[in-house]
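Labels run A, B, C, D, E and F following the written order; every chain starts at residue 1.
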Amino acid sequence: MKSERYKIGREKLAEVGGDQGDKIIEALSAIAPEFADLLVEFPFGDIYSRPGLELRSREIATVAALTAMGTAAPQLKAHVHGALNVGCTPQEIIEIMIQMAVYAGFPAALNGLATAKEVFDERDISVQN
Amino acid sequence: MKSERYKIGREKLAEVGGDQGDKIIEALSAIAPEFADLLVEFPFGDIYSRPGLELRSREIATVAALTAMGTAAPQLKAHVHGALNVGCTPQEIIEIMIQMAVYAGFPAALNGLATAKEVFDERDISVQN
Amino acid sequence: MKSERYKIGREKLAEVGGDQGDKIIEALSAIAPEFADLLVEFPFGDIYSRPGLELRSREIATVAALTAMGTAAPQLKAHVHGALNVGCTPQEIIEIMIQMAVYAGFPAALNGLATAKEVFDERDISVQN
Amino acid sequence: MKSERYKIGREKLAEVGGDQGDKIIEALSAIAPEFADLLVEFPFGDIYSRPGLELRSREIATVAALTAMGTAAPQLKAHVHGALNVGCTPQEIIEIMIQMAVYAGFPAALNGLATAKEVFDERDISVQN
Amino acid sequence: MKSERYKIGREKLAEVGGDQGDKIIEALSAIAPEFADLLVEFPFGDIYSRPGLELRSREIATVAALTAMGTAAPQLKAHVHGALNVGCTPQEIIEIMIQMAVYAGFPAALNGLATAKEVFDERDISVQN
Amino acid sequence: MKSERYKIGREKLAEVGGDQGDKIIEALSAIAPEFADLLVEFPFGDIYSRPGLELRSREIATVAALTAMGTAAPQLKAHVHGALNVGCTPQEIIEIMIQMAVYAGFPAALNGLATAKEVFDERDISVQN
């Protein structure tokens, strides 16, 4: 039986990740099912569900961090989807990535923008120039 | 004579960094005065002054990224000040750092929180528990 | 009231961290008391208490990772203590750090060895040459 | 004529890397043959052959470090093979990667687990759930 | 109308990047056209055109940094081309990457060498052994 | 008895590091004397003594990489000394660090410049503005 934290986390994950969130949990269950539970419980049940920072700001923080780190392309892609799911605009996401040029260098920004473009293409979003 | 970008950047830097911003520029001028100008012109004149992402969200992104990277303690400290200057609450800053445990590990979060505590102490902010 | 996970985590933390673990939790409670609870519950309650990898191997993994990352000096120091607490020999710790020269470069190894030396000095361990 | 260190290194590499080790050396010889020699001599001849840390623990350290760093996917894959070759169980490897969520974040752990799954599939290892 | 910095930057980019530089700017314009301008203006207009370090040395620095960071494969590839364009020899590029084994570890060097090999193959350069 | 590689490495280290090199070897000998030998043999005996890249360019590459990585402050300081020892000008070192703003972000450049300033002060070098 799943814990209360799991239930809260699963709802939060659905809110952020939509169907994509479910697919990540499924894929992970094939190799480490208990870790799939922990991924629901800790990040989403314990952290994302905390008060004190609204969900939109949480996704801004995550997209910024993953773009700057440059070591988490699949997770960045998932969170560009997530940021859009919780109300960030495509332009806001592009601005976050451009800003990362200042803190993590132009390659981080360029690779982040390439990931954003993939997501926008998948969702038929065309960025106004 | 300073460029228009410099003037815009200097105003934006004052808004984000207050007196601290001035001190960073001064210190940098002692070793690389032209780079001190570039620091005003590019990050603040070109990037922070762009529309499409409000200043509060820009600081959330920067605090998140620098906490996750873990290689920029002095700059993280300056931007915890900056985040407070542009309207982030101490609780929001703490939440950003806690969230970085998920994406960059607990050491990144712990070191970020230690930096936040330094800044809060300097500003006589006591965090409500 | 603390959760069952907290109790398990607190015992595991005592086993790994000794008094040092308590001090880290206390210091953290001054700025983010709920995160202090999460630090006990997730890393120690959920992860370190899992079967499938003995505690000594867990500390070898952690010391290696923190040495390679190079962004977590206070945590590396705590885990050099931890590795010794759970039965690693000083020589094993030195070997892990030397080996990190191969994967993360000589600076990572040198900085790791400097941290190990600090811990050995605190514990009056003299390394046999 | 190859050095004594080369001979020792080549044996150690065979022990850890099996056929895969040979292939890496061959591929590298096509662009930098002298560096292929250094790769045998220093990591394997000088470091892995040192006493003071058993080979199984050396591979635990390497898998942990490469998972945490997140910048060395091909080398992580080779060392998941290596860890299995020297006696680590699939479950131990999974545990190392799960543990890296604590120190380097969930993306590092998830990407590590994806690499482990590739290796397990290649070796027809099915992980017991 | 483009700025003076843009014109200077565009010339410098042509000198370093040749046709490849144009393609990067074009691709970027599809998602973030203003950032494409900033990429010309700041790195190439403001930085690469500065006196005090010759262009060949600038490319040595960039190839070294990107190899060591290990998070910027497409940009490293572009700058291996760039280094050759401004007069570095293939052997010099290989030496830089081998040297990065010392500072960033063997995986960084190996992945850098694989990128160099791709570029050399594209340009029909065969490395003398 | 020390190897031939050790003798070559020790000479190269003296050329790059001067007295500072000796001190690093001594300090390291207190905790890991065999690794002190490896530090002479591999980086300096095997790598720095290779033909194909002149010593000045090797130091440019190292200063760039360590500035970009941001995890190796003591080693960066040693190599700013090293770069000056083998003929780089203070202005060239400043330019390398400024350029790293493009590839690794402004914090990397700022922290690198602070290290350069420390070294210049120790050597009574005043940078012409």
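Annotations for the structure displayed:
As a convention for this text, a contact is a pair of C-beta atoms (placed from the backbone, for glycine too) under 8 Å apart; a residue touches a chain by one contact, two chains touch by 3 or more.
By chain, UniProt protein names: A, B, C, D, E, F = Carboxymuconolactone decarboxylase family protein.
The model shown is predicted, which means the values in this text are computed figures rather than measured ones.
For chain pairs C-E and C-F, the one joined by more C-beta pairs in contact is C-F.
Comparing the centres of all chains, each the average of its CA atoms, the largest separation from chain D belongs to B. Judged by shared residue numbers over all numbers used at their interface, chain B and chain D contact each other through mostly the same positions, with over half in common.
The angle of the rotation superposing chain B on chain C, based on CA atoms and rounded to the nearest 5, is 120 degrees. One inter-chain figure worth recording: chain B and chain E are separated by 29 Å, centre to centre, where each centre is the mean of the chain's CA atoms.
Mean C-alpha positions place chain B and chain F at a centre distance of 30 Å. If each chain is reduced to the centroid of its CA atoms, chain A and chain B end up 23 Å from each other. For chain A, the set of residues touching two or more other chains reads 38, 42-43, 47, 50, 66, 68-69, 71-72, 75, 94, 98, 100-108. Contact topology of the protein chains: fully connected, every pair of chains touching.
For chain E in complex with chain B, the touching residues are 34, 38, 41-42, 46-47, 50.
The touching residues of chain E, when paired with chain A in their complex, are 24, 28, 30-33, 35, 38-39, 43, 66, 69, 71-72, 74-75. Taken together, the chain E residues at the contact with chain D in this complex read 69-71, 94, 97-98, 101, 105-111, 113-114, 116-117, 120, 127, 129.
Residues 68, 100-108 of chain D touch chain B in their complex.
Within the complex formed with chain B, the residues of chain A that make contact are 42-43, 47-48, 50, 52-53, 57-58, 60-69, 72, 75, 89, 91-92, 94-96, 98-104.
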